[in-house]
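One chain, subunit A, appears in both complexes that follow, with subunit B as partner in the first and subunit C in the second.
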Partner chain A sequence: MNYLSDVGALTRKDLLLQLRARDTLPAMLLFVAAVFVVFHFSLPAGSSRLAASGLLWVAIVFTALLALGRAFVPEREQRTLDALVLAPCDRSAIWLAKSLATLAFLVAAEIVALPLFELFFHGLHGSTVAGVALADLGICAVGTFVGATAVVTRARELLLPLLFLPLAIPLIIGGVGASVVHGPGRYLGFLALYDLLFALLCWAAFEYVVVE
Partner chain B sequence: MIAARGLGRRFGDKRVLRGVDLDVGDGAFALVTGPNGSGKTTLLRLVAGLALPSEGELRVDVTRDRIGLLAHDPLVYRELTALENLELYGRLYHVPERRERIGMLLERFGLWDARHERVAAYSRGMTQRLALCRVLLHEPQLLILDEPYTALDAQGAELLDAQLAELRGERTFLVSTHDPQRVRALATSELSL
Partner chain C sequence: MRRIPLPVLAAAALVLVTLALALVFFVVPNDADQGFSQRIFYFHVSIAFTAYLCFGAGAWKALRHLWKRDPRADLESYVAVHQGVIFGVLVLLTGSIWAKISWGHWWVWSENQLVLFLVLFLFYAAYFMLRFSVDPGPQRANISAVYALFGVVLVPVSFLAIRLSQSLIHPQVFTRHGPNFGGWILAAYIVSQVAVLVLAYTLYRVELAGKLLDLRLRELRLA
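On to the complex of A and B.
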């Protein structure tokens, strides 16, 4: 119960900080809408559904990257990670709370982005939405872990995408697969397995990335 | 409570702490002095458990929930109010009667009237007072204070003096400062780096 209460307190703090900063969500919305508009005019008329699916996933991953890049900004600027690490809560609670807050913003951006995608490209199906939902979990779990690793380095802006994008490749493969094949079960199962494995790894290893 | 033998820490090729021996018993008030770059902050971070030693042995006989660290930075969120900051830490430390304790500390450090203001609007001195509230909130057994008088005005410094004098003997202190005269009278031992 204490663990959940710690995660609740930390998630509330993360949501409050991001909402008050008023930069993450507007930036994500603007970015994802701009990507769709650009691709709408740059893709040749009559482009395949496969191409449209691919660009949806590119847009999602890069939009998530915006949120992940902002996730540890308060801790970096005010060095408050030290206080959180020193607190008696399980250190994985810091990772879980940050992942949940990032997930909330990503889902909020997708609530706008997915209808926009349907408007521009007409390629949205139930399996795509299920793929996006599963991929979101993996993106936030892995991205938050990588963000915590990068935040203590000088080259953090470079390191986050360099570490995160290769780790997100299986999510893109699974997501695109679930979006375009007739029987998406195998791909959705793959995404769920990725989420489970990487969430466990990040949960167990987080402690070691926040202590010098 | 704290025992270190041959303690050292390096960052890459740079050695910032070397061969430190330290013994701090329960209820002691240990003063750490030294010029800039001598490793005072690194030593305090090692004792707090925020960093691991590169060499030597360190034993700290107190659990994380009984440590209070006042660092160079106040370790509070600028976009939260004083009350929200203390609520957050109070929850994480599972402080009993949290609201009453927070109210008492804010009153004592003269921040009650500004409790609903965001820390971003605070002066540096007010922020340091809030940092002291954060450190004392969970009534830690081991107080690690890195330059505690930084940015405090005369009234704030007197409040801190009174607090240190009140807790001396009941709690264990490890204090680093550039101005040892201020707390030397309280100190039971001194380590010069």
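On to the complex of A and C.
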């Protein structure tokens, strides 16, 4: 129970900070809308509907990168990461809370982005939504971990996409598969496996990334 | 455990690689299907296996660093991953050459192993950027170790994903059921495999020795 209340308090703090700053979510929404418009003009007329389904995943990953890049910025600017590490809670709680807060923003952005995609490209199925929901977990788990790593390096934001994209390729494959085939079960199962595997790994390894 | 001296290793690598080249080019018969170009496979497959082994060794040393706090494990893990990337690039090059000769294109997305190596190359290239973006010390060692461990999880997951995507995006047209594996062909493969492994281990030891010397020199300068 104690661990959960730690996670709850940390998640509340992250959500509150981001809501007060009011910059991440509007930026994500504008970004994803702009990306959809760019996609419309990048797809030549007459290209298949499947191509648009694939591009949805590009939009999701890049929008998530936007949120992930911001996730550790307040900690860095106000130098609160040291305080968090010193706090009497398990360090993995910091990762879990940050992942949950990022997930909340990503889901909020997708609640707008997915209907917008349907409006622009008409290709949204139930399996796509299920795939997006499962992929979100993996994106936030791995992305938060990578974000925490990138923030301790000299290169900072430069490194985040470089570290994140190779790790996200299996998610893209699973997500696109779930969006375009008729029996998406295998792909959804694969996404769930990815989430489980990498969430466990991140949860166990996070304490080695943040040291005082 | 006493280690084999480096000159002996280097000599063994030279002899084995020469023997493997001789077997592959002069002894093994031409492949019925693909002819002369199939011979690249003795090296392509051996190098790929060696690269996986290097990544595995890097992750194993990383685990030893995180778990037992073995002081040399960080450097050993880094060197193993470095060798893995070098051999991984060779896999991409040999695979490309083979693809060009077989299908007329330098890159084919239908070859699972090649695509996997491309993903791994991107991942481990980022590993180096990460490592050299943190000042030397316990934090760099920890972060590098965690990434090396991520790598060994990424290998099977990516492999599975790429296998899945094959059935989706590309029909499985090319299967690799070449000749029946036996006689000289098997012997040539085994010799090439051992030769590349010994070569990789020699390179690993050379690089490790150099890095340790460099470290020692730096310590002496500071002292």
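By definition in this document, the second predicted complex is superposed on the first by the 211 of 212 C-alpha atoms of A that agree within 3 Å, B and C clash if a C-alpha of one lies under 4 Å from a C-alpha of the other, contacts with A are read in each partner's own complex, and residues count from 1 in each chain.
The definition used in the following text is that contacts are C-beta pairs under 8 Å (C-beta built on N, C-alpha and C of every residue); 3 or more make two chains touch, one makes a residue touch a chain.
Just so it is clear, the model here is predicted, and its values are computed rather than measured.
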- Is A:29 in contact with subunit B, with subunit C, with both, or with neither (first, second, both, neither)? neither
- Task: Pick one for A:159: touches subunit B only (first), subunit C only (second), both, or neither.
- Result: second
- Task: Please work out whether A:211 is in contact with subunit B alone, subunit C alone, both, or neither, and reply first, second, both or neither.
- Result: both
- Query: Which partner, once the models are overlaid, touches more of subunit A's residues, subunit C or subunit B?
  - Reply: C
- Task: Check whether A:65 is in contact with subunit B, with subunit C, with both or with neither, and answer first, second, both or neither.
- Result: neither
- Return first, second, both or neither, reflecting whether A:130 touches subunit B, subunit C, both chains, or no partner chain. neither
- Item | First (subunit B), second (subunit C), both or neither touched by A:83 | first
- Message: Tell me the contact category for A:109 with respect to subunit B and subunit C: first, second, both or neither.
- Response: neither
- Task: Considering only the touch criterion stated at the top, classify A:5 as touching first (subunit B), second (subunit C), both, or neither.
- Result: first
- Could you tell me which stretches of subunit A are touched by subunit B in one complex and by subunit C in the other? 211
- In the complex, go through subunit A and note every residue touching subunit B. 2, 5-6, 9-10, 13, 16-17, 20-21, 74, 77-80, 82-89, 211-212
- Spell out the part of subunit C that touches subunit A in their complex, as residue ranges. 66, 119-120, 122-123, 125-126, 129-130, 133-134, 138-139, 142-143, 145-147, 149-150, 153-154, 157-158, 160-162, 164-165, 168
- Parts of subunit B lying in touch with subunit A, wherever the complex brings them together: 45, 48-52, 63-65, 67, 69, 71, 73-80, 84, 88-89, 91-94, 118, 134
- Within the complex, subunit C is touched by subunit A residues 149-150, 152-155, 159, 162-163, 165-167, 169-170, 173-174, 176-177, 180-181, 186-187, 190, 193-194, 197-198, 201, 205, 208-209, 211
